[in-house]
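Two complexes are shown next, each including chain A; its partner changes from chain B in the first to chain C in the second.
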Partner chain A sequence: MTSSSSPSRKALSKIACNRLQKELAEWQVSPPSGFKYRVSDNLQRWVIEVTGAAGTLYAGETYQLQVDFPEHYPMEAPQVIFLNPAPMHPHIYSNGHICLDILYDSWSPAMTVSSVCISILSMLSSSPAKQRPQDNDRYVRNCRNGRSPKETRWWFHDDKV
Partner chain B sequence: MSPAADSAASKRQAELLKQEGNAFFKKDRISAAIDAYTGAIALCPKVAVYWTNRALCYKRRNEWVRVEEDCRTAIQLDSHSVKAHYMLGLALLNKDELAEGIKELEKSLELGRGAHPASYMVEEIWQELSKAKYIEWENLSSERVRQLHKLKEACKEALRNYNSLDNPPAYVPEEQLNELEEVFRKARKSDIPTEVPDHLCCKITLDIFRDPVITPSGITYERAVILDHLHRVGKFDPVTRETLEPHQLVPNLAIKEAVHAFLSEHGWAYRMR
Partner chain C sequence: AALVELRRAAGEVAAQEFLSTPLLLANGESPVNGSDRRSGGEGGSRRVVALSPPPPVGIPWRSRATAMALHATSSRDSVRAAAEGEPEWAGDASRRPAAFYSAVFAQIEEVGWERLVSGKGDGGVSCLVFRILDDQGRNHLLEITLPMNYPSSPPCLVADVPYLPELQWSKGSRLKDVVCQFQEHLKILQDYWSIMDDIDKVLWVVDPTKPTFAMSHRRIALGDDCYLLLHVNVRKPRSLPEVRFLGTDGKLDRLITNWRKYCKKWSADKKFHENLSTVLDFALPPPPSVNIEDDEQVDCGICYAKHLPIDDELGTHSGGTTDYTCENPSCSRAFHSVCLRDWLRAITTTRQSFDVLFGNCPYCSDPVAVKITDR
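After this line comes the complex of A and B, so read on.
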């Protein structure tokens, strides 16, 4: 799962563009700890490196998050997935899709790339075991033709992890 | 114009001509639109909208002298016309009357705030106003920097002369020079671009407020953007997630004043990224 998972892309709206430039400037001054983003000339897709926090199951491991912004960001959530290989986690599918409510139904335009990153890291940090979700194989099979996780109807049945 | 010209029949006729003009304008048939509005004006010269609509046609053609004429007439008829002040401002900027142009744009922004959320012009006006204000700031600040530099050199020279009365000639203690530098650095401070403080920026746009409104949760947002959020995403406050309906939004006048005060001291903040 790499480029095939990118949503059909329309250019960013003016509001989206302005807002992302501000977020980028802010990120460069103070990036969330544990994350690295090397600025590219593509404002619409950020590939961010995340390092597992010390004292957790993922300590020292690094993974890549791919964040794609829709035309009407931040009125619509960005699409966030892990690039292959995705961390083993009860809420992360092997195709990189992440079951996290704020990325879908609970998105709010007051959230930023930075706050989303922090939520994902805290989700990793609180993991009790390195394992895939129970329905991993079925879900991944259903996503074969490059479906975006934003098209999934998620069930957020477990908010303890 | 005889009193009969304003009769009900000619009013109807003028209104029809305006609609025709609007239709032509939409199809980009500007000459035809101008003719239609001109007809409407001939029948009912006291309706400001006919003049502003025709001005919009001239604006499209970059005929700024005519834009100015029509807008001035429109303002005489309706001093609250957002569009008339806006286009007059643009016309004035176009002939390099910066200060006057800015005044008109500010007037239209003031009138446009909150007024018609449906036909929202605030953002467009703001963009044009920002460009003009930024140019104004560049002019003023480079003049200020030049003046300060001159003054600083004069002060250094005076220090040298003063100290040389009983010290070795031209000797000035390091400390005094540093303090002098510090004084002048502080004097330049508000002209050096930094960041706009967070409390003057919308939590959604992350940009400085144009038309701030406050929610019952106490969070302030840019009006157009929070309305868009309520329409597209859901009826909740984006920060606190409490239920929120459009009618609960109230203008935040204190923040509006604070933005105004900040911008008048820090013109660089008008820069569009």
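After this line comes the complex of A and C, so read on.
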């Protein structure tokens, strides 16, 4: 599946390794609500279970996020995708790619995995309907060769969902 | 009817009087609402004076003088009101009955006024904080919040402990029972805390630098950029802990293999750090010599470390501390200039003029500027 594509990753730099260890320790002490880190010794790839918030279209449903970190994190954004099956959402493609600006152009080292997760849960919670993006089929076809969502030139146009 | 009203007014005056006193005794300073006092009739004034709690033994002389002054003021106010011949009482009914306040004050007295640190909400008694000393001399603050239908419902507890005790509560229970149960809970936690203290003393703990009583995790340096992320079982602190290995793969493989192979050698009778050494088959490095300067250093807002890694590529900045601070007073975030420079180079909105990079603070977006080169 294209959703399990993995970019060619160099090993984490010392700075990235140190920061991620602190983020992980902080996560384990006070994880964000609705998220569960799938335990693994691979610091460079986190798999996180997301549970839809109560009172939303996704209440009680569980999805899995995959977070891959580049060599020079946090100077570069992590790659965040939903593993199959991806939730039906106007900004989430069926291959798991997420149209969310903080994962691409608006990334900042002030953000953390935790804050990104909260933003994604907020995006899910704001969904008006369970449907795919309009250009889902064309986009997924173009990504069939395992292309990373970070290579896409996204157009962010929706401030509500 | 007038007599009934007089009794109610006296009760409210008594409650009002008690509102002021514990704050004074606990904090040693004049309460804000001290002057906001109402006086009853002559009979009421006598009762007010009699019901005031006496200053406890050991209170500093200054506070005692203030307490005396408060009583004197109260007496004078009562006399003045009596002289005017017109008793005054609250126009609006309070949310809690007057009996609630007198009951709570009696219960605070049972616990000991000297233990009361603060009171706030609903006239100063909805949320009480007591200072509790445990067997090893550790100071604990126990916050007790009284619900509206107290004592039918149990109070809520907040404390800096890894887990709270299950409160045994009935309608006849009192604050003293809560404090006693918390003290018993602290006794149970003594073993856990002595183990955590031992870890902090013997091993090289890099995170957290200032652990709270509630924190059960430690990141322990093993050398060569390898770390052990440790979670002690707070209810069975002598049992095998949950561990995660972080760092470069080559060296970690042996440690992970040893952990899986030898974890059955873990013994509740041996010291925690001895168990770790045995199971890992590895001599754990001791903590580095205490560097007081490090406590004053701030973490970089980008790499989350006080010091940059020791690395030849970083040149003179190798191992360096934060050397740039955002000029926004509301932000004042600290950075390594190396990290800030790398970040500014990574984004497209950075502007360059001669050898200086201009951009925005990652946290507050105010302007920042950093030189390209070290010279």
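Here is the rule we go by: the second predicted complex is superposed on the first by the 157 of 161 C-alpha atoms of A that agree within 3 Å, B and C clash if a C-alpha of one lies under 4 Å from a C-alpha of the other, contacts with A are read in each partner's own complex, and residues count from 1 in each chain.
The working rule: a residue touches a chain if its C-beta (ideal position, glycine included) is under 8 Å from a C-beta of that chain, and two chains touch if they have at least 3 such contacts.
Computed from a predicted model, the values in this text were never measured in an experiment.
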{"item": "Side-by-side fit of chain B and chain C on chain A, or clash", "value": "clash"}
{"item": "First, second, both or neither for A:Asn18, with chain B first and chain C second", "value": "both"}
{"item": "Touching partner for A:Arg138 - first (chain B), second (chain C), both, neither", "value": "neither"}
{"item": "First (chain B), second (chain C), both or neither touched by A:Gln28", "value": "second"}
{"item": "Per-residue contact with chain A, leading partner among chain C and chain B", "value": "C"}
{"item": "Contacts of A:Lys130 with chain B and chain C, given as first, second, both or neither", "value": "neither"}
{"item": "Touching partner for A:Met75 - first (chain B), second (chain C), both, neither", "value": "both"}
{"item": "Shared contact residues on chain A - chain B and chain C", "value": "15, 18-19, 21-23, 25, 72, 74-76, 108-110"}
{"item": "Residue ranges of chain B touching chain A (in the complex, touch as defined)", "value": "203-207, 225, 228-229, 232-233, 236, 238-239, 241, 273"}
{"item": "Contact footprint of chain A on chain C as seen in their complex", "value": "207-208, 215, 217, 219, 225, 227, 229, 231, 244-247, 252, 256, 301-305, 308-309, 311, 339, 342-343, 345-346, 362-363"}
{"item": "Residue ranges of chain A touching chain B (in the complex, touch as defined)", "value": "15, 18-19, 21-23, 25-26, 72, 74-76, 107-110, 112"}
{"item": "For the chain A and chain C complex, residues of the former touching the latter", "value": "14-15, 17-19, 21-25, 28-29, 39, 41, 43, 72, 74-76, 108-110"}
